[in-house]
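Mind looking over this structure? Questions follow.
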Amino acid sequence: MSIDRVNQLSSTCVRRRFALAPALLVLGVTLLCGTRAMASSGGEVVTTAAEPGSLLEVVLFYAVATMTIVSSVAVCMSKNIVRMALWLFMTLASVSFLYFLLAANFLASIQLVVYAGGTLVLLVFGVMLTNKSPWARYTPGKLELVGAAAVCSVLLVALWLVFLRAEWSRLPGAFAGTSVADLGRSLLSVYVVPFEVAGVLLMIVMVGAAHLARQDK
Amino acid sequence: MTIGVTHFLVVGAVMFCCGLYTMSTKRNAIGILIGVELVLNSSALNLVAFDRYMGAGRLDGQIMALFIIVLAAAEAALAVGICINVYRNLATVDVDKATQLRG
Amino acid sequence: MAPEEICKLLTTEFTDAIVKTVVEGAHPYVQVSPDRWPDVARFLCDDSRLGMNLLRSISALDLLSDDRLACVYDLMRIVVDRPDVLITETHEFAIRVETDRNEPVIPSVADVWPAADWHEREAYDLMGIRFTDHPDLRRILCPDDWEGYPLRKDYEFPLEYHGIPATTEYELPNPRH
Amino acid sequence: MTMADTVLESAPDLLVDTDRVEQGDLRTEEMLVNMGPQHPSTHGVLRVVLRTDGEMVLEAIPHIGYLHRCAEKIGESLAPYQYIPYTDRMDYLAGMNNNQAFAIAVERLCGLEVPARAQAIRVVFAEFNRIASHLVSLGTYGLDMGAFTPFLYCFREREMILDLFEAACGARLTYSYITVGGIHEDLPAGWVERCLEFLDYFEPKIDDYNNLLSFNHIFVKRTAGVGVVSVDEAIAYGLTGPPLRGSGIRWDLRKVLPYDGYEMYDFDVPIARSGGTDEIPHGVVVGDCWSRYYVRVLEMTQSVRIMRQALANLPDGDTEAKKIKNLKLPDDEVYVGIENPRGQLGFYVRGDGSTIPSRVKARGPSFCNLSITTPLCRNVMLADVPAIIGSIDVVMGEVDR
Amino acid sequence: MTQFSVPWQPRPAHPYGMASRAVIALAQSVYGFAAPIVSRFPGAILISAVIATCVGVWMHSVLFGWVDTQLIQAAVTLPDYTPPALSLLSPSTWGLTPSVIHALRVDETVAASVAGLLDYVLWPVQFWIVRDVVGLGALFGLFNVIPVYVIWWERKVAGRIQSRLGPMRVGGWHGWAQSPADGIKLILKEDLVPAGADGPLFRLAPYLTIIPSLLAFLALPFGATYVLRELDVALVFILGVLGAEVVGVILAGWASNNKWSVYGAMREACQMISYEIPMGMALLVPVICVGTLSLSGIADVQQGGWFSWIAFSNPFCFAAFVCYFIASLASLKRAPFDLPEAESELVAGFVTEYSGFRWSLFFFAEYAAMFVICAIASIVFLGGWHSPLPASWGGGLGDGLLARGLTGLLFSGPIWLMFKSVFLLYVQLWLRWTLPRIRIDQVLYSCIQVLLPLTMVLVFGATVWTWASTGHNALWSTVEAATRIILGSIGLVFIGGFIAIAGYGFYHRRRMVGNLVQDVMPGS
């Protein structure tokens, strides 16, 4: 390898500095989720990644919230349906990070499995099956756009105002650690009826989807 | 400066409005579906936030969010099936053009 | 069936169609007039005595001195009555169809032997014989916009094709290489 | 510009007929896809334009000619001796058989008598080359099905065959060994022993291929019942060689119209049989891809048989006809077909009294076998297209000439 | 002679900024210094790098452990200790100052000579963020090393299976440096985005593929304490992030503006949504038996040696292991399920238009995911980091440094997890280089009509089995023990057979290839 080659190589590496972005993201998720294992066994463990009230929680919340808001705004601004799906993926992933921040680990993981892995792929599948071209545009009217924007922004402002004025009483049990076992137990005791109903619903949906996708009608 | 339930509610509200906007401006059926997913997610986020900050140790919010995820998955499966059917019959997924009830 | 018998059979069946019969030599054939050729072909294929079901090859010839073009159809019989038994009984024979060099038209036999489809396209591509009623008569080996018919004796090789120098053997007016 | 436009531009001769899609099917977007000319499983520069609907291929139209080198035109300007090397380059996997076909055509035209030793050696090399060619076919077919390893096993054995070819004629691919009037050079000392040693080594390897690929459950599932060619269809489209025998017709030019003394050897003509009988796996239909493939495997055993007989009774004597300088071709014509590994390779040679033929026409087996692609690839899965094309086993050098 | 001009414009030279120039100068000087040494002692450098890595990991674990037990635990129990105010740098509970540290380790006579300095060295180790960064660094290193060497190993294995040698040149000993060299080449290759492609998505897609497989390493335990993040839902988390990998693949296929890529993406989507379900169901079987989603928790119950591994605990888990392995092959798009990149059908599927660095990202993600999947299989079914010998046998060893080392080596340590994962990886490679590829309809058939009902039955069976074993019935315990012994013996037979066949092949390796090649043939 000549020195020119090294020159080229190192400059390419320099140009690839954006490749470091995944590292940053992974660091972020590391700070977000899970319990830290002590290097020595039997040591003290912390129950959540970022304790409530810590500066770390604030920083992480603002980072993830920005990501959520940016990507959800991007969903409604995108013209291309595949990009919309991509931004939806970003939104779903950041919502799952928010769940981690809310110490709902199981929900966060399920969100990743079901939403990001399943539903989104289904959507993209639908896009690919039904689009002549990803760039095919179904442009709405100007009036429609303005109206929708007005309604949405009014709603947003109103909601915001309500949130700011509301007095949220903090109940004594807040921040209690939750575990998957608790979740499972309450699903099969207090919430057993909705659980069963959800099962029946999924069954119906399965039959319905199979009927819809049937080849010969 | 601490993060409270309001912070999460605001994020949820923004998501909700974005979903609403998407639903009302997109004509592509799958685009509308994406908007619906956003709305559902925002409500799930609110529920989990309430659960965390005022849950009193019960898991109502998380369970509701779990059901929302289940519902959203079911709804997406059916809706994509319907979209494909509509496309099969009308060669478009523009919801404004799908005006017949005939399959 | 020996070639003589085939010749005899054909001459009795199609007295008006047979132009010439050549039984001597390594390659016995009969020459058929182009307008009766599809009938003869159908007979060759379907007749139970002949049953020439395999079209082996179509060789297009340029008979420059006679100002004619010709197609030689090499036919063969595969006995398929009992396919799992080795049957060595066969016969081969050739048909020749000639046509005018300036207006080369021969009826297609692609409906008799589907194998003729590509062979006829090749003859059209390289020799410029037009086969009437061919299902899809396009050039097959050369590009669709190629000019001339390369296998004709008076064919002149182009010096370039779409700006690509096409030969290194002839001197070019503006040497590129 | 959308993707459909791009393809339409590159395939202007293919019109999309959207009305032809079957109603009630999961009709989605019809797409024109160019498979080739640069594609891993088109075995060279074949281009197949696929009209697809999702994973289903509605129509496949082969476009050939990317390797056209005017071989027939060149034949009209060279003496037969000089043309022998060009025949190597037609079916470059079976150079010996091509040499043999052209040499026999010219010999019949000129009435040359080939010495017995030369004929026997020709048979040895033709069969040896058949084995080599079938090995490539087997290996690449495995590759088409996603099995990489049999390919290298087959090539390992083929390398040994090529070593033996190299020892005899100095070339590993374009041999020009069989020439007009005989063979180019007698065998080197010790060649026969080495060849026999190789055959001893090689025969058990065929079982290895069978265990590894032929009877592999996935392989059978992929190829059995796919691309079925009926007997009538096979003959109508002029299929010859393994595709014809794969449709269950016991027909071989070496038996039907023997040349170079094939009538002296004892061998079978293997054909396809339907699944469930003997070792043939269930699900196999006569005429499908698996049958065409397996006929080749069986043919290798028969080739070994012929080679053993020929090597055991190798006559002494000359290896070349009495040399005729400036061989004059009589004003006559001849068509000779021989059994190439891929089927019937025919040469039509026409002389005009000079030393140079006035017309040389090669009838390539791959050319004719390939013409059945369109009827076979109708309403199949995308993954079946490589399976079908691979089982036909084309060599583009000979399709395009 | 006319110059034929290339039909594309050569790219303008990139103007380097200050930072880039500094990096380049640094790289050049490092290269100038290191190249002669590396080229002279490649083998020695490889071996010493491996040893240094092991020592480094061990040292860091020992250091953290020492700080935990000797400093932090001691500090929090001090009577006058008050936790400091929260700040970004001290997200944890202990804000030990160097003086406190000094006070705590005065009894250490060895380090007394370096007195003040050591306090400052030890000070950062107490912060979680420091530990996280160190741990992440280690994971990044692992994440880079695993694909590189799995690829090299795959090429060697493929070579052996195909009776050839595989890489032999680069680096000296068996081409060990082949993969790093390839990596350098890939980084240097021209950065191509096809005309008509959706540029941003095309650039983004490789990252969307690689981030999930990176994230999977966060919650993956390598040993009892060797885990970056102890998640109570680690199994679902890893499944979730690996499932999200498919989004990158689909986008890559879609953005490439190539029909073969779209085909690859569609196939990947199809395959993924169908195989995630049996895979998850198969993992549910041991989860039901153990009752936790935490990987460490699952591994903890398998301490008792070979016969206590979950795969042998009941027939349903045994079958679930097989189902999981098959489904994981499909979800990893490995042969015989490598349809998304089926080279004989789709050219290269979704990676058709990719080259260079972005292409290598896809393969990093794939091989890292392969490792993660195999590690999960070993943790969930094959005893995790516990060796086939029961851990209780090591009880008499004591608690010294040597004893710890021996325990880690013989009974329970990351090395066993690595060993098992690598063995399963080998099985994946083995399958890939032996089997042909199946068709998409057969993939879906085998998933929806075979594996899915099967795993459903397994889940039901496991539930019944677990319910039966909660009764503490004496008869049932006997049945359970007998099942363990029978299934374990079957496993032993499998492993024994594998070793026997491998040994036979190794012993007769010359005959397998054929003596003719080596001795007789001309040109050999």
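Odds and ends about this structure:
Each chain gets a letter, A, B, C, D and E, in the order it is written, and its residues are counted from 1.
As a working rule, a residue touches a chain if its C-beta (ideal position, glycine included) is under 8 Å from a C-beta of that chain, and two chains touch if they have at least 3 such contacts.
Treat the numbers as computed from the prediction; the structure is a model and nothing was measured.
Relative to the centroid of every protein C-alpha atom shown, the closest chain centre, again from C-alpha atoms, is found for E. A comparison of the A-E and C-D interfaces places the larger number of contacting C-beta pairs at A-E.
Each chain gets a centre from the mean of its Cα atoms; for chain A and chain D, those two points are 57 Å apart.
We define each chain's centre as the mean of its Cα atoms; on that basis chain B and chain C are separated by 69 Å. The distance from the centre of chain D to the centre of chain E, each centre being the mean of the chain's C-alpha atoms, comes to 46 Å.
Centres computed as Cα averages put chain C at a distance of 65 Å from chain E.
The set of chain C residues touching two or more other chains is empty.
Shown for chain B are the residues in touch with two or more other chains, namely 84, 87. Along chain A, residues 53, 106, 110-111, 118, 122, 125, 129-131, 213, 217 each make contact with two or more other chains. Those residues of chain E lying in contact with chain D across their complex are 158, 161-164, 196, 257, 259-260, 263, 266-267, 335-336, 338-339, 342-347, 433-442, 513-514, 516-517, 520-524. Interface residues of chain B, counted against chain A in their complex, comprise 1-11, 13-22, 24-31, 33-35, 37-38, 41, 44-45, 48-49, 51-59, 62-63, 65-67, 69-78, 80-85, 87, 93-94, 103. Residue ranges of chain A in contact with chain E, taken from their complex: 1, 3, 5-16, 19, 21-23, 25-27, 29-31, 33-41, 43-46, 49-51, 53-56, 59, 80, 82-83, 86, 89, 93, 96, 105-106, 108-113, 116-118, 120-122, 124-125, 128, 134, 179-181. On the side of chain D, the complex with chain C involves touching residues 13, 64-65, 68, 70, 72-73, 76, 108-109, 231-232, 235-238, 240, 248-252, 255-257, 269, 271, 332-335, 337, 344, 346, 348, 350, 359, 361, 363, 367-368, 370-371, 400-401.
Across the complex, chain E meets chain A through its residues 14, 16, 19-20, 23-24, 26-28, 31-32, 35, 61, 63-65, 67-69, 73, 86-88, 91-93, 128-129, 131-133, 136, 140, 184, 187-188, 198, 201, 204, 207-208, 210-211, 214-215, 218-219, 221, 224-234, 236-237, 239-241, 243-244, 246-247, 250-251, 254-255, 262, 265-266, 269-270, 272-273, 276, 280, 291-293, 357.
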